[in-house]
């Protein structure tokens, strides 16, 4: 299993556990977390990039990994991805660099043909 | 002078002061801060929304105000703006709500015709 | 109007504005933000103190003010409030002190008889 | 050795190292870090939940693990724990979800009989 | 009264209030907050600059103002101050810029002769 | 290979990858990230300690590890290092303790003779 697959399997299993053990508030929040990335006035591709920028400046590796993988599915190219990283890097500072290193590692493994 | 104009005048005056007093590092950083929102693989509108989402989850009122005003200039509608807020709200939590309150105040003053 | 009343009036007015302009996601989130403080396995008093501790370490003055006022309504004493501040102070560090200064100002205005 | 025991052994060993190498300021801070969770106007159970909520929104896995284990010792049930997570989740947003996943993993290992 | 004097008077008055209303934990923490900037292996000037860098990346205006004023007392020049800002700016990103604007305003008012 | 060497090799390899895949903005930022620690009005030793304090309160293990290793090269003693940690600990709170634990582990491996 690739690192990306492992990450997704663990994420899915434990999100299910959160739902099983959770309250109505927990379940409604988890539902919103899916809903807010669905196409509306903005398309899903843009929303995934927004989620990625937000995750990057808040420096959450798991959230970054999730949105990088979802962004790839929505057709975000490596060059576009890098420009999302650039906004995060300038807004959030050098403290985001270790996360960008790990994001490139994931991209190199998952979508190597996308590298420029 | 409206609140938006006051904010911009102060921002410009003090950014000039930062450049005047700053080092080469300061000046280069300030330059990057402009450059990273210029159209590239992603257009300027998308980049402003990324900057807005990042500013919202980091909870910086001045940065939010700046990107809201720039986003309006790039043609972001109120409905699209609200969906950027939604991503910030779900990713960043209720701690972002006071900032969304102030962002709506700025929008109501600056682009009231845009309200749905 | 006292500072506490002003704060609450502004909060209510702008939260209504967020709901008016918002999407289904916005409205559901705002609803959860109320729901998660309702009594369940934990009583409302404990939950308000949890919200206060979380707001303090995230350093959001508006959120702190809101939970301080709600905590007073739930019967939290000044001494208990101070112990919530203590946990926030030790977990979050001296960076929380300016917020604790403002929280005491609000308490002195709102519930002066509570001061020890 | 279970994951919880390993975590505690490492924590204790390295805290001792911090004390050995530290200054008077270091030692006094570490002492306060213990003291602020002792029963006072609020009981130890409530204080551990406050520490857990603060740790969750600041997204520190080691701090979350420590307070989850201490909360179990103070008699916090799984259901109560989940309501502490709920406050953290709503205040701190979806960025806290990966930490809640890991907290449930620790709970499943440490107190499986507590699961609802 | 200048802005700097006003800030200091309010800070002192409310810190006293925190001590009056606080617990033993509160008082010991406030004491540590003074103690950790006293000369030791590092001199007081260096420690004030460390406190300033930390306050800048955590984006707390009151803490920045306090350390800017203390740094001036310890003989930190405007040029040195700017280099502390530079480290904060690069580590913490453009989100720190509004705080650097306000820090320069305070410096222009308090130590105008120091400007290069 | 020691943990410190492994960390540095990975860091170098992935920073190169960021530069290869990056834009002009990316490359300029990475360049600034080096430049801002070079001696100017403040010497390199002081700047590394500023970077360390900033990294500690922002709680980034990779950034802390990098600045601890660079600080050792600039001649920062263990005792001075501990006083930098103290400022971070008091400003940033107990949430920084797990990072200080890991920093001492790195120091014990890299510069054991430095321990007091």
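Note that the chains are named A, B, C, D, E and F in the order they appear, and that numbering of residues resets to 1 at the start of each chain.
Keep this in mind: a contact is a pair of C-beta atoms (placed from the backbone, for glycine too) under 8 Å apart; a residue touches a chain by one contact, two chains touch by 3 or more.
What you see is a predicted model, and the numbers here were worked out from it, not measured in a lab.
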Worksheet item: Touching subunit C and subunit E alike: which chains?
Response: A, B, D, F
Practice prompt. Tell me whether subunit B and subunit F, two copies of the same sequence, contact each other through the same residue numbers or different ones, using over half shared as the line for same.
Written response: same
Worksheet item: If you average the CA atoms of subunit A and of subunit C, how many Å lie between those two points?
Response: 31
Worksheet item: Distance from the CA centroid of subunit A to that of subunit D, rounded to the nearest Å?
Response: 27
Discussion item. Taking the mean of the CA coordinates per chain, how far is subunit B from subunit D in Å?
Written reply: 36
Item to complete: Would you please write down the residue numbers of subunit B that are in contact with two or more other chains?
Response: 23, 25, 29, 32-33, 36, 40, 54-55, 57-58, 63, 82-83, 86, 89-92, 94-95
Response to the item:
Among line, ring, star, complete and other, the chain touch graph is complete
Worksheet, complete the sentence: Within their complex, subunit F touches subunit D through residues 59, 78, 82-83, 85-86, 89-90, 94-95, 97-98, 100-102, 104-105, 108, 115-116
Discussion item. Quick check: in the complex, which residue numbers of subunit E touch subunit D?
Written reply: 23-25, 28-29, 32, 35-36, 40
Worksheet item: In their shared complex, at which residues does subunit E touch subunit F?
Response: 32-33, 36-37, 40-42, 46-47, 49-51, 53-58, 63, 77, 79-80, 82-84, 86-92
Worksheet item: What does subunit F use to touch subunit C in their complex?
Response: 57, 89-96
Worksheet entry | Of subunit A, residues touching subunit D in the complex | 10-11, 14-15, 17-18, 21-23, 25-26, 29-30, 33, 54-55, 58, 60, 62-63
